[in-house]
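Structures follow.
Both of the next two complexes hold chain A, though its partner changes from chain B to chain C.
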Partner chain A sequence: MLAVKELIVFYENAIAVNDLSLEVKQGQIVGVIGSNSAGKTTLMNTISGLILDMRLKERRKGGQRITVMGQVFFEGADISQTPAYERARAGIVLCRERHPIFPDSSVVENLKIAGYLRTRAQVRQGLEQAFALFPNLARWRRRKAGFLSGGEQQMLAIGMALMVGPKLLLLDEPLLGLSPAMQTQLVEAIKEVSSRTGVTLVIAEQFARPLLPWLDFAYVIENGMLTLTGPGPELMTNPEIKSAYFGV
Partner chain B sequence: MLQGTLIYGLINSVVLMLVALGFSVTFGISGVANFAYGALYIMAGYLAWLGLHALHLPYWLAAPGAVLITAGVAALIYWFILLRVRGLVVSEVIATFGVGLAILELFRYLGFIGFEYTLPQVDASYNIGETVVDAQRLLIVAAGLALAGFLWLFTHHTKVGLAFRGIAQDERTSLTLGINTDKIAAFSVAFGAGYAALAALVILPLGTIAVNEGYNVLVNALAVCIVGGLGSTVGIIVASLLIGYAQILTATYLETHWMMIVSLVAILLILAIKPSGLFGVHKELEERI
Partner chain C sequence: MARRRERVDRGIKVRSEDVYALTSWREMLYLAAPRVLPVVALFVLGMTASVYWERVLVSTCMFAMLAISWDVLNSAGMVSLGQALFFGMGAYIAGTLNHYLGLGPWLTLPLATLGGGLVCTLVLLPVLRLRGIYFAMVTLILPLMIERVIEATKIFGGTEGLSGLTPLGSEHVQFLVALVAVWVALYGFRRMMGTDYGLLLKGIKDNDRAVMSAGINIYWYKAQALFLASAVGAFAGAFMTHAYQFVGMPVFALDYSIMPIASVAVGGMGTLAGPMLGSFILVPLSELLRGLGGLRTVIYAVILVACTVGLPEGVFHYLARKYTQFERWAEVDK
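Then we have the complex of A and B:
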């Protein structure tokens, strides 16, 4: 469904993603695992097309030079030059890291804005779906999203991404900064999304997160380079990983 | 006297609100600066006048034509000038202010000065209690209510209106949701300019169309939006009433030409006391100006 081929991304002269290729099959939950500044966000932004917009804005204001090489294929088509909003229309929806919500809008309004591409009936359905999936949100319908807790904002952000009607949902560190209890709750919700909607998931995460056991396949990256691949549970028991990241 | 002050204060407040609505759509709600706003307002007046007196069109053609052309020019300003500096707020402000200057001074240069530059008004007047109010001013109040109501519905219940709120708060998130932010921003600039043109068509008949009025309109719109708080519709209404009545009181007890000072003082006061405005939804005004 998704294929990234020999991707290289530079910020000025610093390489953030180094000759990375990966493939995602329909219906899978795929992980992109790596520690801080491994290049996860850069990869996610490249798949979603945001990097093109960042490059454009930097160019406009004479800021840093962003260089992207390599290709991204979605459902067989080369989308490397397709702008982010068109990729969303095609079904690639990114939920950016650090719960990207609209803080001055209410919870319902956030979801409605996210329904930009959808019909009225679909928006109504999406609202129900989000509130069924995250009962916490239903309590705060009219509340300004900026006043929600981090976990609730993350739920809202995922609800918004689902509202767009994704075929491929990209989650960038959905568990970042959440309490362990909240992490467990969110992992349950993510599994439910996967099984109920059948949406394909690519999740960027760090190592010690409760999501790993549920990954059909995981790519471990370090300094922008692929170092290891394999099913999630297998990676968890890999002795190299254990010694490098869990200190066992 | 008191009744007259109350009624004319209200009318003046509605005039301010009308002038501010379009500016608020673009700058307040969508976060795109359009400081050519006053120039577009005046341009709409001249376009309608040209339609009526140079092309001899009927009013029902000249007026909507002026609104559409003004909105179109605003979209062109966005596409050819604003787009290049999008996101650099200071550059946005300077670029659009420059375009506004050019438009206004071009009209001055071409000799669009004089008492013949007027737009037709509704001829009738009514007594409200002991105060005589002409039909044009009542039309202004009706237009103000209608346009404010429509704006509220539009920004809360249509996809494009909701997208306005989205791009102002987080452009990248908007992109990931499938919103073509440049297109929406262009539309917002055009929409705001259309509102300016509609305001011009009902307000300008009260006097002559004058280049200098373009600067006053920008100052008033800015004052209302800053005092009310960028992006807040309620804020605009409250700020219009505050400044509107303050202006009328100033005109009644001091002198008419002090009226513009009220807006300027209001801007300074609110920036000193509460920079985000009375009902500001954006945390920091400094971020946008």
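Then we have the complex of A and C:
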């Protein structure tokens, strides 16, 4: 469904993603595991097309020059030069890190804003789905989103991403800043999203422990380069992963 | 083989600026030229120019000071739309002191600088807690309000203004005073922004809550920055009062608020030198276009738009980058 081929991304002279190739099949949950500054976010931005926007902005203000090489294929078509909004229409939806939401709007308003591309009936359906997936959101539906807890904001952000009707959902660090209890709760929710909607998921994350057992396939990256690949449960037993990510 | 453009610092820049080991005349020149050359060039230009262009340069210097004061305020997180307030306050203080008390320019200039800074700071003190657009709106309204107050109450000459004030001396003296003032403002503030004090001001702009949580009273520091910036603006106003030998309502006009911002947009903000360069492009340009009559404003606006669209980072940032860095094609190896 998604294929990234020989992707290289430079921020000025610093290399963020180095010759990275990965493949995601329909219906899978795929993880991109890496520590800070491994290039996870850059990879997500490149797949979603945000990097093209960043590149343009930086060029306009004469800032850092961003160089992107390699190809991104989605359902067989090369989308390397497709702008982010068209990729979103085609079904690639990114939920950015640090749960970005509209803090001054209520939960329902946030979800409706995210459903901008959808018809009225689809929005109603999406709202029901989001509230079914995340019962906490239903409780606070009229509350300002800025007053939600971190975990609830993350759920809202994922709910917003689902409103767009994605075929491929990219989650950038969904577990960031959440307590272990909240993390397991969110992983359960993510599993439910996958089984209920059949959406393909790519999750970039550094807290591998709660996530790894459920990954159909995982890519471990370090300094922008692939170091390990394999099905999640298999990687769980890998001694290198154990020492690097579980501290065992 | 894939290639990409690569930006690299010039060797001489790294040697002379970062490593700071000056070993040759060339390296010293590399450091000194962009700092000394404009000073010399401007001096020679002004002394050899005709009287008309010397006067243009004088008013350019004053606009440059307003632009610098805008940039200082902006560096401390205060977006001002009312440089005219500072300018007008200085102008009226100098004008009234000269007209009613008969003080000479060499006394009114410093008094108006300090007094103008103090009055502007006190006037804006209550709104210092406002941020962004709210602060900007208040500063935009205040000079326009004062203008109407003068018109309504007929104080300080009302709509007629005060004329026949003491001149500053010959053209050359005026020019030299203006020149010294603008260079002192530029290099003084640049030095200030490089110190810990300047760092603190920049911190207030970047994230005022973080600065507050470091136990620093940001309003006290904002007031200080406001005083410094408005004093510079007030000096420009006081100087122009004596240069024109007249002070009246136009000193609070919108021009004195808009022109500095346009200069910053053209020159590039955050460097103080950028706004000054911007004024030295825009003010003489507007004089050059004076012969064109009605179309002047149109052409001026087109140039302004072209500048901001074509070089949004600002002329100064662009030049500085070309001076310190070069570009080359680099092969991407995997």
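By our rule, the second predicted complex is superposed on the first by the 242 of 248 C-alpha atoms of A that agree within 3 Å, B and C clash if a C-alpha of one lies under 4 Å from a C-alpha of the other, contacts with A are read in each partner's own complex, and residues count from 1 in each chain.
Note that in this section a contact is a pair of C-beta atoms (placed from the backbone, for glycine too) under 8 Å apart; a residue touches a chain by one contact, two chains touch by 3 or more.
These numbers were taken from a predicted model, which means no experiment stands behind them.
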{"item": "First, second, both or neither for A:M69, with chain B first and chain C second", "value": "second"}
{"item": "First, second, both or neither for A:N136, with chain B first and chain C second", "value": "neither"}
{"item": "First (chain B), second (chain C), both or neither touched by A:L117", "value": "first"}
{"item": "First, second, both or neither for A:E109, with chain B first and chain C second", "value": "first"}
{"item": "Chain B versus chain C as contact partner of A:I8, first or second or both or neither", "value": "second"}
{"item": "First, second, both or neither for A:R60, with chain B first and chain C second", "value": "both"}
{"item": "Partner chain in contact with A:Q185 - chain B first, chain C second, else both or neither", "value": "neither"}
{"item": "Which superposed partner A:D19 touches (first chain B, second chain C, both, neither)", "value": "second"}
{"item": "Which partner, chain B or chain C, touches more chain A residues", "value": "B"}
{"item": "First (chain B), second (chain C), both or neither touched by A:I101", "value": "first"}
{"item": "Common interface positions of chain A, toward chain B and toward chain C", "value": "60-61"}
{"item": "Parts of chain C lying in touch with chain A, wherever the complex brings them together", "value": "2, 4-8, 311-313, 317-318, 321, 332, 334"}
{"item": "Chain A residues touching chain C - in the complex, by the definition given at the top", "value": "6, 8, 10, 12-13, 18-19, 60-63, 65, 67, 69"}
{"item": "Chain A to chain B touching residues, read off their complex", "value": "48-50, 53, 57, 60-61, 83-85, 88-89, 93-96, 100-105, 109, 112-117, 160-161, 163-164"}
{"item": "Residue numbers on chain B that touch chain A, as the complex places them", "value": "84-88, 156, 159, 162-163, 165-166, 169-170, 172-181, 231, 281-282"}
